[in-house]
Amino acid sequence: MSFIKSKFQHPRLPVNDLGLTYRDYEGALSTLCAGCGHDSLTSAIIQACHELSIQPHKIAKISGIGCSSKAPNYFLNKAHGFNSVHGRMPSVATGANLANQDLLYLAMSGDGDSASIGFGQFAHVVRRQLNMVYMVANNGVYGLTKGQLAATADKGVKNKAGDLSLFNDIDLCVMALQLGASFVARSFSGDKQQLVPLIKAAMSHKGFAFIDIISPCVTFNNHAGSTRSYDYVHDHITTGAVADFVPVKTEITSSCHSGDSEDICLHDGSIMRIQKLNEEYDSTNASQAIIDIERNKKAGKILTGLFYLEPTASDFHEVNNTNSTPLNKLSQDALCPGNRVLSGINDSFR
Amino acid sequence: MSFIKSKFQHPRLPVNDLGLTYRDYEGALSTLCAGCGHDSLTSAIIQACHELSIQPHKIAKISGIGCSSKAPNYFLNKAHGFNSVHGRMPSVATGANLANQDLLYLAMSGDGDSASIGFGQFAHVVRRQLNMVYMVANNGVYGLTKGQLAATADKGVKNKAGDLSLFNDIDLCVMALQLGASFVARSFSGDKQQLVPLIKAAMSHKGFAFIDIISPCVTFNNHAGSTRSYDYVHDHITTGAVADFVPVKTEITSSCHSGDSEDICLHDGSIMRIQKLNEEYDSTNASQAIIDIERNKKAGKILTGLFYLEPTASDFHEVNNTNSTPLNKLSQDALCPGNRVLSGINDSFR
Amino acid sequence: MSKNTVNSDFSTREKSQGKAQEKPLINEFVVRFANTNGTGSASANNMFAKAILRMGIPVSAKNIFPSNIQGMPTWYEVRISEKNYLGRRGGKSEMIVAMNAQSIDDDINSVKSGGYLLYDSSRALLDSQIRTGINYLGIPISNICLKEYSDPRQRQLFKNVIYVGALAALLSMDFTLLKGLVRDQFKGKEKLVTPNIYALELGYQYANEHFICPLAIKVESRDLVNNRILVDGNTGTGLGAVFGGATVVGWYPITPSTSVIEKFASYCNRLRIDPASGKKNYAIVQVEDELAAIGVAIGAGWNGARAFTATSGPGVSLMTEFLGLAYFTEIPFVLVNVQRSGPSTGMPTRTQQSDILACAYASHGDTKQVLLFPDSPSECFELGSQAFDIADQLQTPVIIMSDLDLGMNDHLTKEFTWQDDKAYQKGKVLSAEQLDEVEVFGRYLDVDDDGICYRTLPGTHPDKGAYFNRGTSRNHFAGYTEKSADYVDNMDRLTKKFINAINFLPEPEIKQQKVTAQLGLIFFGTTSHPIAEAVEQLKEQGLMVDSLRIKAFPFHQNIEPFIEEHSVNNRQVFVIEQNRDAQMKSLLVNELQIDPNKLASILNFDGLPVTSHFIVQAVLAQLSANQENKKTG
Amino acid sequence: MSKNTVNSDFSTREKSQGKAQEKPLINEFVVRFANTNGTGSASANNMFAKAILRMGIPVSAKNIFPSNIQGMPTWYEVRISEKNYLGRRGGKSEMIVAMNAQSIDDDINSVKSGGYLLYDSSRALLDSQIRTGINYLGIPISNICLKEYSDPRQRQLFKNVIYVGALAALLSMDFTLLKGLVRDQFKGKEKLVTPNIYALELGYQYANEHFICPLAIKVESRDLVNNRILVDGNTGTGLGAVFGGATVVGWYPITPSTSVIEKFASYCNRLRIDPASGKKNYAIVQVEDELAAIGVAIGAGWNGARAFTATSGPGVSLMTEFLGLAYFTEIPFVLVNVQRSGPSTGMPTRTQQSDILACAYASHGDTKQVLLFPDSPSECFELGSQAFDIADQLQTPVIIMSDLDLGMNDHLTKEFTWQDDKAYQKGKVLSAEQLDEVEVFGRYLDVDDDGICYRTLPGTHPDKGAYFNRGTSRNHFAGYTEKSADYVDNMDRLTKKFINAINFLPEPEIKQQKVTAQLGLIFFGTTSHPIAEAVEQLKEQGLMVDSLRIKAFPFHQNIEPFIEEHSVNNRQVFVIEQNRDAQMKSLLVNELQIDPNKLASILNFDGLPVTSHFIVQAVLAQLSANQENKKTG
């Protein structure tokens, strides 16, 4: 964390299709600890949005409570944000999305926020197929309250205070897969090369997209013995496939060469290009993904990458058959049946 | 439901090892709808407890809110019961169990109570390995509030009011398996032959035991088209193995012939005798169980029976290393460090 | 079967007339139906009430039902009153239709002396059930059904219709009208019309043949209903939300609020489908619990849609944390609280007004919430739509404080009205154009010095107006702050806004005598139903009454003077409420800085709607205690 | 590096003496430390405070920290007062140790004229940072560390120790004692002793060499501490729960309550291991949220274990539904609420007393909760253990209303005391033998006519005493009922019990002048800290004060007379609280039926502990307003 951010703008900062530079996607200065994984995550989001040429104000940032949930303040200054209450971000995101389906919902949560207090809301927003990007910054601890163990901490590890994690961890990717999420991935905040394409794909995906991002807490969970420290993650990370994101430049989706077995065509015509590193890898098989995750875990490995993608999934509004005009933009005419109708209704009560 | 229950006791009602008859295990008169699945469930519990010769007052009944959660009032009049708040039974059960590990905790919940409002508590009590029997009376609807769809309702079905179940169902057995429960089974309130041995085994099991019991709601979810009606369940039920419960009559556990591959020896020395009906069936493999459940579901079948059993699982108190004397029985001497210790502590603040 | 019928002594013409009241009682009595729940009695009983209505006679109906689905006692009380007294009358009733063997002993005792007991004589009454002084009208209803119908469901259902038919004869109801009602009721299901009418006729004939009809209590057509309608409050609230422009709903089922959402949904389904695309102009989601339900409303409110949720007791408690967030982040939405008897699960199918403090001061920290208190279904409709304007203008949650009696019972109420030319008041929301014109935008800048700041919606403008909404303290520009001065400034502004809220809220309804009366009654919501009757009864005792009905919190400036005027010169103010702890009085005392000793409480909290009798007795008792005090003091 | 050092003009002996106050200020001043959080300053600052304590001088310490983990400004205010004034003094301080470049501008302005600024002169101050009238004590701390240490962590950490060493010289502290303190502090980690003492000496020497020591503010040993201890309230509460016999804890982390549980856990770990088996005589479970935390406590309380949980603001809101259940089902347990600034997330690291109404009336329906208001760590210990007796005896939740200031700051407080011969009061719990003797057992039979019924624990007796505990209304035998009379009977008994609760609760602490004083001050919890000083200051203005400290709700019968006495004859009662909405006053008015106009409020709600200055000013302002009113009125 640095306190004085240079106002100097390089005159030739690269601009994207909208003519915007990386700076246009930044947020307030971070007040997280120097080296916190969440800051890397923040910059991956900024990079992904910039490279995709998303209009910043067409994004809504939503979060719960925690260091991770503070992070949305540190990217996309031009987007509205909603830092809500602990563990209840999914319901706020649901309401927001129902009100206006035209925005892109980028949600940020922590493992305390989503695997403990918010586990019920997490499960149900997955079920609801809400069109959103749900990112969990997974550090195995409660950062903001000073390092208590999270439900995602591996059984048997100790936190910095020496408390032992007594019970099985909850793997949010496994849960998302089991509950029917249409996009599930895991990554590492320290690996932007993997993370940025995943964020881009999640944003292009229509439907519920979940990314669990291992994001070390340098202050409370970066010690030897931790399985969420930078060192440990670096040493134990593995992946089943390398995914690259190829954005669509034209509106036509015919360019989508779905004949190529390694290309997945997303809803907006962009492509997720997959290079398998593992024979069993199959992005269309959620059960297989769970088995792979668990097998790797038993072998002491952290499996990352895109686990599952159902490119033609439908979202809440499709299922609900909502009008395509955002509900918050409907005029009084469209909403209010008026007096004539009312008098008919009155008659039904006589 | 009948209003006048005969007081007449057959002089030769069979007695169990404690000299108690079935009547000694009954509860108040049921006020549920005539034919409600929950009433069958109630009688299965009574039968199981009677046959196992459990002392009724050594049981604690705990529930949430719903028709199903009322049911504990209708069995085991001699046991204390706690009808708590909606969806939060698991935390009350946790506190109760922590206070006194010597009772048998029989918990009753509904699918609304456990899969919706209580899903977070459900997941975490599984994780916590609480030594309890957790039964969900699964009817696919909210009975007590007149028939709204529960999260366990199959996608695409309609409730009696005609509302469509829009999203994937949550399968609580799959969730329990995934979250590490050490005993997981599904049954049908209409099939006592299967249900009673499962309840007995769950009560004999040390650790967290979960039974999802399909228990039709005759009033709101017994229509044609429902997948939780008596008719539908009768027609679509299947099982991977038939399990029989052999209680231990002596205190010695050596009689436990674990050499027989089909016998599982439980913590208290009783035996779960398994007859496979399906080659793949393996009560020690949770992943396989999930696959079986899902395969059957795709084939339009409801898989029931014992899914998973880890007979040597440990429970919360073992993990916590709690004293074996129940905490609520410790004397002031054991609890209060006294004045001498206190003055040493005072010195540390000088 | 005839062996089972009760001694016909009690059901002969002679008997039933012999003991009847001297003067016939016309259009001013109560008929109570005792049934078993889950037997389909509700619709038959409702048909009876509606027939009275169509005869032009004021009527009200109270459904007293158990927290249970099937097999438990349930009562339905129809009060017929051409004096327009439509509160629950309480006490014994002139007639009971006793269809439930479980409760019949109590039911027999709840008939007025000289009144009538209509019962199913297929089974003999016990000797102990024979009470002198009341008239037994035995009809072998089960036997009739057994003979007439073979399907057990029909046997059950038509029992209810048969006794309605019998009542038509006994009370001299307009039978043609009743048949017309059946036709209206089964519009679309024509097959059901004939059998229902047939069942009515079975009862009608039996009564005519076996009893002298009409009885000494009876109805006569009048023209006293005018354009009023008979409807429940939850229908009003749900429909109000449709008219008020609500589009997003998150909810979780709970009695007695569920039907607010059900009604909203069914009207939306009829009236809110986009004609061009056939798609929904609304989104309702049944979520996992009440925390999620209010979260949905808040997310939608932040995003500029009109949103609401409805709940009761336990749900309100669960929404507490989010209510605090919404107060502090200033997000508009509407919460409908249909109150029931607390605490905890309490008596979930009984009424009460006991969430007042829990709602007014919901959540930890210094918080105050805006409350509305409708007293009738038509006010549920009116305030149910206005609440969205109020919430948007004040940028804060608005809680509609209904209750089980109002929400679930049918009340005779003014017809619903709507002004087509009245535009929705969306409050201070800046458009992209307005943002372009604004020099500096600060989400929490009190530009107009009224405590209400300008807000922006996500997605409005590419460069201006975005801010980070948060439950933590913030400065004028929505930036995080832990500075005491910023915090205090914001909290003081919220107080200012709350005071200013009075200007957006409905005024109390004050009824003053020409000369300030000795008694001032303050009440709200359903407590107002027995007031007209109580006032009349007090008048008979020589006591004149002024009254004030509270319609909103924060309190209007007219309330304090009313209290002051009525607490001097031997006058006395009463606050009537349906809770144990005098919660509205507490709120009045706290917020208006009134001496609590100026307010006497009348508290009815037994779960049943308060009666005029209860009020009058309480007033008289208090007045004589005052006298006593004066003597001794 | 020397280029970076500030112009030494400002750090010479001459300067620092030239501007010093005329008369040396001994043992009566404030030293403020401005640091960056996450840099390890807290333990050094604490060492400073403790050294003062060991010199026998009364001291208090306030940690003013951000809701953030690292890199944000944080302050630590040490008040040294041989007059025993240990409330926050507020205003500017005599000395500031300014170690944070982010906040230094503000810090410079918060030094009293004539006071001292100790700063790190390794980097030059800006011209704008040179203020006349204060004394600059520049020590090149960073440079010293750079030279002395190679490990970056040590460079950071020892900075703090160095300035403490310097302060020892500047303020004439007992250096030997300071070194002894280091030895005590690192008992068990002896390796750390020498480097810490070395760092202390670095600072000590530098100051002695470069400044005339001591300054005009300094400390002198006294014997004024007696057997008092310096400790935070959460330690008291956590330890109190150990002594009170708590065995079951469900909890969820939240500032500022977390350390209640941490302390409980660490003392249990030391004192509650069964000597024979090595096993735990307690069970603590960090659950998934606050709903579960309180659920655990309730489940355990029902089952007869002493159980508690601790939380703050948002957690209290989430516990609302369960609090209602526990009230209604009459289950004992203890809830520790360490209050912080609300509403919503508010200022999570600032103090407030703003959950009073949220706790007293927690949950929907008519509910009232028992509250305790400790004012010091030793009372946290005392009430923290007694609370379990009270809860068990009353069969109801007891909420300990602490706050961030009390809970997390070190206070000089009476040593903790315990009577070994005092047995736990478990209340009316029937054993199997007692049950055998009882004719009829009814869980809700008011046998003793005190509103408190006999309860039984699960598993007690094979045939008797079992009942179904429920949040629904019930009769005397715990059977479900929807009968109005049963419901009312039960609710009235709960009221009776609540009134009776007064007999189990601590009395208010009343300090009366011989003649009833003109002013009556009412306060509670940490609001009492500045009272002694305020009373003295008011006395200087010729105003005599009586005071009453509330220790519990429901209110003791002594409180009303105190208010009455002090609101006649030109007297005036003030209620001092740390919230915006005068919540304690509301509670007093509601519950005691007092005219609110008799109580003037003094409300400090900026998140910092209230000062005597604030109180005195508010009193004077109110008194002159009273005068004004009298003239005009």
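Every chain is named by a letter (A, B, C and D) in the order it is written, and numbering of its residues begins at 1.
One rule holds in what follows: contacts are C-beta pairs under 8 Å (C-beta built on N, C-alpha and C of every residue); 3 or more make two chains touch, one makes a residue touch a chain.
The structure displayed is predicted, hence computed values, not measured ones.
Colleague: Any idea whether B-D or B-C has more C-beta pairs in contact?
Modeller: B-D
Colleague: Among the chains here, which has the CA centroid at the largest distance from chain B's centroid?
Modeller: Of all the other chains, the one whose centre lies farthest from chain B is D.
Colleague: On a C-alpha centroid basis, what's the spacing between chain C and chain D, in Å?
Modeller: 46
Colleague: If you average the CA atoms of chain B and of chain C, how many Å lie between those two points?
Modeller: 40
Colleague: Could you list which residues of chain C touch at least two other chains?
Modeller: Within chain C, residues 67, 288-289, 314, 321, 325, 344-345, 470-472 contact more than one other chain.
Colleague: List, in ascending order, every residue of chain A touching at least 2 other chains.
Modeller: 65, 85, 116-117, 119-121, 123-124, 128, 151, 320
Colleague: So how do the chains connect up here, line, ring, star, complete, or something else (other)?
Modeller: complete
Colleague: In their complex, what parts of chain D are in touch with chain C?
Modeller: Touch list, chain D to chain C: 66-67, 313-314, 316-318, 320-321, 324-325, 327-329, 339, 341-350, 352, 354-355, 357-358, 361, 363-368, 470-473, 482, 484-485, 487-488, 491-492, 495, 579-581, 583, 586, 589-590, 593-597, 605-608.
Colleague: Sort out for me which residues of chain A touch chain C in the complex.
Modeller: Within the complex, chain A contacts chain C at residues 28, 55-58, 60-62, 65, 72-73, 77-85, 88, 90-100, 102-103, 120-121, 123-124, 128, 316-317, 320-325, 327-328, 330, 332, 334-339, 341-343, 345-346, 349-350.
Colleague: Chain C touches which residues of chain B in the complex?
Modeller: 1, 3, 31-34, 65, 67, 85-87, 116-117, 119, 142-146, 148-149, 151, 219
Colleague: In their complex, what parts of chain C are in touch with chain B?
Modeller: Listed in rising order, the residues of chain C that touch chain B are 38, 67-72, 102, 252-255, 258, 286, 288-290, 314, 344-345.
Colleague: Taking the touch rule as given, give the residues of chain B at its contact with chain A in the complex, in rising order.
Modeller: Contact set of chain B toward chain A: 116-121, 123-124, 127-129, 151, 166-168, 170, 174-175, 178-180, 287, 290-291, 294, 319-320.
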